[in-house]
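Dropping the structure in here first, questions after.
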Amino acid sequence: MADASKSPQADDRGPVTTLATPIHLDYSFTPGIAQSRNLRGLAEGKFIGQRCSVCGKVYVPSRGSCPTDGVPCTEDIVLPNTGTITTFCVVNVPFAGQSIEIPYTCAQVLLDGANISFMGLIQEVLADEVHMGQRVEAVWVEPEDLTPSMASVKYFRPTGEQDAEYETYKDYL
Amino acid sequence: MSDGEVLHADHVLDYPYSRSVGPVIGAFLTGLRDGKILGATGAGGSVIVPPTEYDPITGDDVGELVEVGPGGVVETWSWVSEPLRNHPLDHPFAFALIRLDGAGTSMLHVVDAGAPEALSTGARVVPRWKSETERVGHVLDIEAFVPETGAA
Amino acid sequence: MSPAASRRPVAIASFAQSQNVRRDQERNEVEGLMPVIAEVFANIGITKNDIDFICSGSTDYLIGGPFSFVAALDAVGVWPPRSESHVEMDGAFALYEAWVRLQEGDIDAALVYSFGRSSLGDLNEILALQLDPYYLAPLWPDPVSVAALQARALIDSGRATESDLAGVAARNRKSALSNPKAQVAYDRSVDELLSEEYAVAPLRKHALPPITDGAAAIVLAAGDKAQQWTDHPAWITGIDHRIETHALGARDLTRSPSTTKAAEMAGVGDGPVDVAELHAPYAHQELILAEAMGLGDGVSINPSGGALAANPLMSAGLIRIGEAAARISSGSAHRAVAHATSGPCLQQNLVCVLEGE
Amino acid sequence: MSERCAVIGVGQTKHKAKRDDISIAGLVREAAKRALEDAQLTWSDIDAVVVGKAPDMFEGAMMPELYLAPALGAVGKPMFRVHTAGSVGGSTTLVAAHLITAGIHKRVLAVAYEKQSDSDAMWALSVPQPFAAPLLAGAGGYFAPHIRAYMRRSGAPDHIGCMVAVKDRLNAVKNPYAHLHLPDIDLKTVQDSVMLWDPLHYLEACPSSDGAAAIILSAEDGVTDGAFPPAWVHGMAMRSEPTMFAGRDQVNPQAGQDCAADVFAQAGITNPRAEIDMAEVYVPFSWYEPMWLENLGFAEQGDGWKLTESGATALDGDIPWNASGGVLSSNPIGASGMLRFLEAAMQVRGQAGEHQVDGARRALGQAYGGGSQFFAMWVVSSDKP
């Protein structure tokens, strides 16, 4: 065994303090049966929701089950392009993966006939004019650009309709 | 996008993790960069290689670092005839637990022995270092261990 | 005296598992779990409303995304809110947490489930990430190569031969012929198996587990509730788990002292064992485990075919408990041992003793 | 049937954006060894170890409790790993405590940690998956709309969130382990800081920290004569609800209300504001203080912000919240929940030093996670139950 006097002397690069361990893993991914139906709808420029056979609520998308009843949502429902902003925030922070120039508005949009809201980008309106209860509609990308992804929805924009009453969406906050 | 009802896609999980290593692992990696192998004195004076901040059995803090090896004995090994894409060597090799001279524990590394017939439990091996300029403070600063008779 | 003697009686009241398959192409985690959970309730005619506590086991690295257990909870429908927990471990450990929770007497029933599709990524790379991130993972040791280190050490010790490994594989796969959920089942001779090429020497292909997609669920019930829900409860008379050091080079890989300790704490030796379901993904590990628990020749080991017949990661341990319980419930065994493992070379081990009335 | 359970030792690291001086094992050992020292115990006095952390992708180490077993003196013992999203530090503590109350073990070490600087928290929390909606808003963007919903519902004025941010950061100055030390912060500094996710300013959001926490739990016959008296556990509860479902109230989640009702019932508390001396509550964004004041029953619906505004939750108020500086001042995600439980215990043990609440005898620790869907809570007291 070597003696302690042979302990390492830091060379001119200094002692090692970090270790790079890149990790790259490849997976195959499937969103599953129910969500695939929703995604295929997006590729055709329409919102497909799914109704729970127990509680009757409409999910868009269904992730495979009704989350409160634990059963598959088997009945597909085509939902309209229009909905209501339930709540929103203005994004002013840059972060990895961001594709839009800041600042911009993100809102929870409750499509007419759906029982769950989802997050959408709001455009064609000044950020400080976006408000809760505002009526909006989806603007889709050009037909040749449609894909099975929410990226097919370019953004939502105000319809100019009268605001929805707070009572009609307060249970979706 | 597939033709069937259910969609499939490739998914990649990729990140360039950068780990701070602390004093003990740092000293070991610095040692490798300098071409030497260090162990830590654990409970009862046994030398732990590679060294951790703690004794691998009792969890107690380790004592001073001492140099071990560079040669050692293969305690057990597995023969990889078809290396996978991330494996350290691109031709058939062995993963082996190697007890370095002076160490109380054995260390996992690879042995570049050519063929399984050239390796056996109890065989003596020595490190084949990367060149000094290629060494960065990484377990693969030792490119592989090789049978002692085959060492230059 | 068994340390388990003073425990509240808790039984496995129901068990369900998915078909074990090489690849479940269609369903996501929720869709794979829903029928299993529906079945585990239907077996005994209960609903989610009869459940007081829920615990699941899974790992994010199988799907390659964080929080996979969050979405999976949608398969249960936890509304109104429930007392619920999750372990990043095999479902057998989730069962342990639920068993502990049932000891206090304030609640009577728990749902335990686990899930994961091993087919989505490359297990050879994923499982390398279970190893020391500074010294081991950067070498990307695949799980087969790591297990082969242990196999050679066992063979070198003179306590097993390559033929013994083939014998384990032949018996498990033959038993699997009578397990309708099994993925790999066949009737082949030891000689035939020994003619296979090495996968990673000294392990041949037959000594390796298959890659399996699957899910499993168990309902635990305490005391009267177990009696009320099933005529054939499988009572947990002892359960314990222990871990060893992670440093492979500081262990005797041919022994499993953590299994021995867990078995002792669970009271394995307190009576005759009819059946043992051992979570031994690699053939040689069954030999190490049986020796560590002191299981004699009279014990029927892995009548289900074990992890060599189907190895859905994160569920394979829980399934051992379910399979052992099924033997008790069917009356084919009076006293059974189930085992689950985690980590490289049997680093962590859980032992559960089950008895009939 | 339940055994009594006490906290007999606590330890935490200095929390920092980047603990670049230490390995993962070194980080957890720093906290665990401090807890052992506090309890005047050694590794061999511990019967089992429970580890909690948030997603393994933060550090790129799968099921790292396997690697950490020897670092935490767990060889030959039961070792357990919990993961319940952001509430994990709290649920880890509860899983460990149940090993005591169920009579399984005498002394259990619970450890939680995150070493986020090995990767990037934003990335690890939202690894992009195929077919997923484009990443629109980032972490705060998930919560900011719910904050706006709270403001609409309660009529709270805009400055309440900024008040919480100032209060918690000034408390943190008194806590040597806190990540952020901002002694000069005031309302104006917060209001002038960048509006990240309107209505949320930069200084109203939590930092990203490296850190670890450790708690030693003991049965009555394992209580040691440490420097501080034990903190006795009087109640513990967990509740979960689905992430998204029709009609879900994300401002005042049912799971949080149910969890609080359960834990207070166990502790015999009917009026938490009057009967609890202080609370450590998971507030990663300032507005979650008034929201949780209502959710936990410290204020009537719509009145939480009035408590904050009145100064009741300040260190010298009648119900101090987050005397340690809270998640707004230190956020090693996997450990953040345990820190709430740990700080509550420190207060009733009288060991909180400069941020000690005078005469604290009964305290609440709360953690939540996911999309406000997982809750874990405990009530600890200097009195034996």
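A few points about this structure:
The letters A, B, C and D name the chains in turn, as written, and every chain counts its residues from 1.
The working rule: a residue touches a chain if its C-beta (ideal position, glycine included) is under 8 Å from a C-beta of that chain, and two chains touch if they have at least 3 such contacts.
Because the structure is a prediction, the values reported are computed rather than measured.
For the pair subunit A and subunit B, chains touching both partners: C, D. Comparing mean CA positions across the assembly, the chain most remote from subunit D is B. Chain geometry summary: the mean Cα position of subunit C and that of subunit D are 33 Å apart.
Mean C-alpha positions place subunit A and subunit C at a centre distance of 36 Å. Averaging C-alpha coordinates per chain places the centre of subunit B 38 Å away from that of subunit D. Within subunit D, contacts with two or more other chains are made by residues 20, 23-24, 57, 59-60, 70, 74-75, 120, 123-124, 126-127, 129-131, 242-243, 245. Within subunit C, the positions touching two or more other chains are listed as 25-26, 61, 64-65, 71, 73-74, 77-79, 125-126, 129, 133-134, 137-138, 245-247. Within subunit A, the positions touching two or more other chains are listed as 17-19, 21, 23, 25-33, 35, 39, 66-68, 148. Taken as a contact graph, the chains are fully connected, with every chain touching every other chain.
Of all the residues in subunit B, the ones that touch subunit D in their complex are 7, 9-11, 13, 15, 17-25, 52-60.
Those residues of subunit B that touch subunit C in the shared complex are 5-6, 8, 11, 13, 17, 19, 21, 25, 48-50, 52, 56-57, 75-81, 84, 86-88, 95-97, 99, 105-110, 116, 121, 138-140. Residue ranges of subunit C in contact with subunit B, taken from their complex: 25-26, 64-65, 124-125, 128, 133-136, 138-142, 144-153, 156, 198, 200-203, 245-250, 253. On subunit B, the positions that touch subunit A within their shared complex are 1, 5-21, 25-27, 29-31, 33-34, 36, 38, 47, 64-68, 101-102, 136-138. Here subunit D touches subunit A in the complex through residues 20, 60, 120, 122-123, 126, 128-138, 140-141, 144-149, 152-153, 194-200, 202, 242-247, 249-251, going by the rule given at the top.
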